[in-house]
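In what follows, chain A forms one complex with chain B and a second complex with chain C.
Up next is the complex of A and B:
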């Protein structure tokens, strides 16, 4: 049953004078509450599963304890809800085709629900929401992001729940001011609202929202076509703490000035990509909100004037996160930033021009508490910058150095020696070599390692990583052509907790490498694009061994055929996202795959030249009701029957038609 | 034998201890500068055994604390029922060790050795800690039992604790089928928790 467990059985429980405990001692001595307290400390899902099968008393303890659930399939929902009577949080975003009837049944069964996530529930309408609101009086959080069918009528249904405190309607394109007004009037206690991308919403809606919901703390109006008038309304929200307005192109400095009314509550503001905002607006923002903790002003305007930077000293006590991506930085800018904000914990200078070693040294000499440093595409940085960071910021956890091609292993050695807390490092396109990996392997807390486009990396380097970085969760080896199966063996033996692995275009990988990977039980996201040498037997090994497999990318794996799809259909039962574009599979394999896997929601099937029209018809019909996203070659649009396309649409599936060439890439 | 005035003094001293504890938590007094009360409390077990402890030690147990503050004792003796002598001694021993310290896991392991807590007493100790309201001891013992259970299959757990298997075959099948349908509970909402209240 559990062949991989290496723990020895502890000695049996005996009383002090050596007798065996009477059976069921644990359940007689300990009440259900205490059993629940013990269960609270058992986090591993496999241990929880063992717990459930012990006895009725244990099962009951677990049923009472379970407060949150994230089911993957619709069919088992009724049984699960009957068992877990104390559920408070339910995430249905992974369940395919949730519709009104299903939601009504769920709500009737789980009346204590407080938090419900219905993201991407494309088939949901107002009837289901009405039922949910009526049956669950304690409902306080609903997430309907990306649900295509949600519009004003659905918002009205939601507004009946007076006690709602958090609503997410991101990308619900059909919501207009009317729907927003209903929500605002119906839920006066609303504290957190996300209406990102709801393009129909205008200043009128925001004005009413601000009047009717004074308790709002979190507001996301990114990408809306709102103007400064909305900011005037928002400035009246006295408890506002987080304001996200990414990409609001109709807002300018006047608007930001309206937001700067001496509020003590605003903590986090994101004005990135607001084209019409300049230094003046940001300056007034900082002057007017002196308790700001996080500022994201990336990609707004090119020139970072020192007048704004020195005004940052108004928030020097509270500012911890500053993101200034895409700016043109002068030699003194970073020194001024450092001088103004000593307490910085996170700094973002991604794609900033003019960042030099000296300016980094000046910054880190003052901001010694930095934990996240984003220097993506700061091309001029050399090892000296790394030396300064290593010497001053010992607590660095996340270092993003993508495209800093001048850094070498010497700089990384210093970082690895001085910053033992390093958890994430991004060295994509940096040209690091195996010696650098040897030094980096000293960071035993490393969880994320990105080495994309580092073609000098070979198996030796990976052996070092595998030997010491046991906490590694994500490894990106995109286009590291010298990696072979041996390197994968080293990683698989040392990094048992690995969850995400990117091996795209590492063309030397063969089935042996995939066999090595099959022992990684937590591996959930694997990208294997362009690996011409792997065949279906390797895929079978991965499907059997990687029990947590959720996302798999096999684009351009020219040797994977139907046998691979059969294996996935049989073993990879948790698979949700699959790309098999350009693979030599036939309609038979495809049909079996789409018919069997009940969790599969997102498939990319571009250029499957061996699949006939009938094959597509059958396969897509077999998958109806489960798929939410589908990517097909645009030529098929005219050839597939309109009945099929209609059926897919009604079942909530979004189809993307693409025009990709059939060229063989190197 | 204490008299009534001494009982009142004890009660007042308990109140003072509580006040000092609150002030330490608020950061008004440095924990190092705090001097321990020298008043002693006598705890009497249901077996009849008595045990004299310092007040600060006794206040670690929230039940004893409530008794002291409410004056539910006579002649300085608080009656504590619910566990036999050895378990009780262990619980008190733990309290003595953990006065004013924030327990870390390695510290707890040391205490386990010193006080002599063994696995066969764990269950009784959890029960005693729950009754006496000693959070630290309850956390530690629950964690110990959880650690014992980790990595075991359901058969092993039954063998360890001597539990009778009372699930029918069809029930087990249903549980096994349902378990495939769920994702782990470790972090279904983790990516949202940053913004969800």
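Up next is the complex of A and C:
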């Protein structure tokens, strides 16, 4: 932050239409200039929001200071853009109904934009993009991932922005080699490109890209049907640092050989799920790129040959992340890995067979700097493995132990004592008990705790967590059937920053539990599947109190009816994703909900047996323009009017039809 | 001794410039390097020789009170650095927006930072130094740091104030600054609504 700010501000405060702003109290104490300097050192977005409320001077400072914005609704956009005149980064992915007219208006109002995120803008087309490019000369980065309307014509419009350095077109299924060519020719300075899942793209497009855009540093061609020829083209990119090619099944060892030309620039490579790649290809990759820092070779081939593992010593100075999910590991493999790469910070052995306590202890004895250890589904591991990790890797922050069912609270006690930096631990399906939680509660930095399928967990364990883990952000209690309202009370009183909570099938929870949760203002994602005892009154409490509610799953909550939907429609104004499949709601409640909630974009409405055909027609019409994803029973496809379905499609809504039998569970 | 240190400092700058790795950001530095190059590459008659860099700098506050400090101490402020290095040798450097007691505090801060050992962590000292000041002096010091373009002092004072107010509620912030709320009820309501519904972060 330069100290020369005062030269950039106007000497008089004027609004955009030229009115003089009144001077106010705060400027006699501190100039707006200084206020901006102070605001710059306030990091927490909530603190910045309350800053605006202090006085006019503070509001003005904030208006001049703000460089990035993530609006939630289309209606308030014009006012926001008038106030924030210095915006550089705009994220419109949360706004429903962004279309060409809207984008054109936004661009005209915010000419200084450099970074624009338009992910999932299903209604956007080339006209809007043309307007954006024409109005914002400093445009640097555009993200159009998952926008179904984006195809070659849109790519051509985007290519007019010569200065673009980063473009994301992931999952823009309509993009072909033609569109890619337009972008490559139009933006020679391109440094970062994502074309994951753009299945129409072939070797020809990649070849042209590599010729025209020599500055590329980041390239994601995952899941494309490209062959070794594309890798030949890519190998000519001298500045390439990160290459993601997950699931490229048409690429094999010959292709990887082409990428191994002694490059000093390649740092990160992801070839996971490339079925035709073997040890030979990986070996040549490592020999040919000796500055690699991250390798992800998960799920490629089953046998991890020692020849490859010992070749890892070529990158021993730089390699920090190694992911080898799904491999068959021999007793010496991990020792060889440890010997080859002392500096590992992250190791991924998810779903690897043959991982034993001894091999883990050999690995961690050498790789003492490990921070992330993924041992998901390494079923044979016992507490001894945890002892080794705890004794050697004091800096461990993330420990993934899903399905390691032989571990007990003793191993976790050692981990909790030795690894005070522990932030994330996944104990899904491990069968841990309350004593384990007592030990884990000593980790006061814990942010993510997953206890799915641990049916021995009860309120006592949660009380321990609530007492010390004040930083907890995510708690997963999927099918922890012994948890009751008391446990929720303990969590709600101690973990005030909680954002995500999964209580699916914790069938003892009642409305009281939900009342307890209503004090958590940061709670944004709640999953309550199969809770037959909760009623609309509990939902009302949550809707009123959990002000940040964005995602709610109420599938199979057989006692939640229209009253619950009314409460959500009235209070949960930022709700974006909702599942009410199998709930006893009627057309009236549904219609009100879909009509009122302006942000609701993703709804699952399977087996709403009390909603009539007319009810669906009215409700879905009321939501038109906002919905982006909809899940309905396939039987409805024949009875809903084709006019409605057409309208939904034109407005950018993708419908998933499912065929599920009507079965009541629980 | 000091003279050698100061001229060495300037020569190092010129070495960077002659390599032309990047354009010098400060026009004053360009002039200094040209001066040095000129010195070493040709004989200059005594009359047209530019004044050598002084060992000490004299700063003049609002009340015309004078403070004498070493060059290295004063260079932590861009305004002072420019005034000396642009060759006009403006001495004393007039700092008409800064009153004497505030200037004294700024000098104290700069001195401590220049005297710090390599890699010494001064955060505790900074906190204690600023914590001792009254609120009025603290704000004036921040304003002075801004005016004198002293990045280290500005950074320190603003962070200190930011840390104080970030924990406070809106009303408490108003009390701290001694100001009233000047929004109408309607405006305040609209803004709270915006905070909740209009945008994230």
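One rule holds in what follows: the second predicted complex is superposed on the first by the 626 of 666 C-alpha atoms of A that agree within 3 Å, B and C clash if a C-alpha of one lies under 4 Å from a C-alpha of the other, contacts with A are read in each partner's own complex, and residues count from 1 in each chain.
FYI, a contact is a pair of C-beta atoms (placed from the backbone, for glycine too) under 8 Å apart; a residue touches a chain by one contact, two chains touch by 3 or more.
Predicted model, so just to flag it, every value in this text is computed and none were measured.
**Student:** For A:42 in the superposed arrangement: first (chain B), second (chain C), both or neither?
**Tutor:** both
**Student:** What is the contact status of A:645 with respect to chain B (first) and chain C (second): first, second, both, or neither?
**Tutor:** In the superposed model, A:645 contacts neither chain B nor chain C.
**Student:** Which of the two partners, first being chain B and second being chain C, lies in contact with A:547: first, second, both, or neither?
**Tutor:** After superposing on A, A:547 lies in contact with chain C but is clear of chain B.
**Student:** Considering only touches as defined above, state whether A:143 meets chain B (first), chain C (second), both or neither.
**Tutor:** first
**Student:** Is the number of chain A residues in contact higher for chain B or for chain C?
**Tutor:** Comparing touch counts on chain A for chain B and chain C gives B.
**Student:** Which partner does A:185 reach: the first (chain B), the second (chain C), both, or neither?
**Tutor:** neither
**Student:** For A:173, select first, second, both or neither according to whether it touches chain B, chain C, the two together, or no partner.
**Tutor:** A:173 contacts neither chain B nor chain C.
**Student:** Examine A:64 and indicate which partner it touches, taking first as chain B and second as chain C; both and neither are also allowed.
**Tutor:** neither
**Student:** In the overlaid three-chain picture, which partner chain does A:30 touch, first (chain B) or second (chain C), both, or neither?
**Tutor:** both
**Student:** Which parts of chain A are touched by chain B and by chain C alike?
**Tutor:** In the superposed arrangement, which is not itself an observed complex, chain A uses residues 1-2, 5, 24-26, 29-31, 33-34, 37-42, 44-45, 47-59, 68-73, 76, 79-80, 94, 573-574 for both chain B and chain C.
**Student:** For chain B, which residues are in contact with chain A within the complex?
**Tutor:** Chain B residues touching chain A: 86, 118-124, 126-127, 130, 138, 142-143, 145-167, 172, 174-186, 188-189, 192, 195-197.
**Student:** Touching residues of chain A toward chain B in the complex: what are they?
**Tutor:** Residue list for chain A touching chain B: 1-2, 5, 7, 9-16, 20-27, 29-31, 33-34, 37-45, 47-59, 66, 68-73, 75-76, 79-80, 83, 89, 91, 94, 115, 117, 141, 143, 165-166, 191-192, 218, 242, 573-574.
**Student:** Looking at the complex, which residues from chain C come into contact with chain A?
**Tutor:** Against chain A, chain C makes touches at 78, 139, 142-143, 145-146, 149-151, 154-155, 158-159, 161-163, 165-166, 169-170, 173-174, 177-183, 188, 191-192, 194-201.
**Student:** Spell out the residues on chain A that touch chain C in their complex, using ranges where they run on.
**Tutor:** Chain A reaches chain C through residues 1-6, 24-26, 29-31, 33-34, 37-42, 44-45, 47-59, 68-73, 76, 79-80, 94, 547, 573-574.
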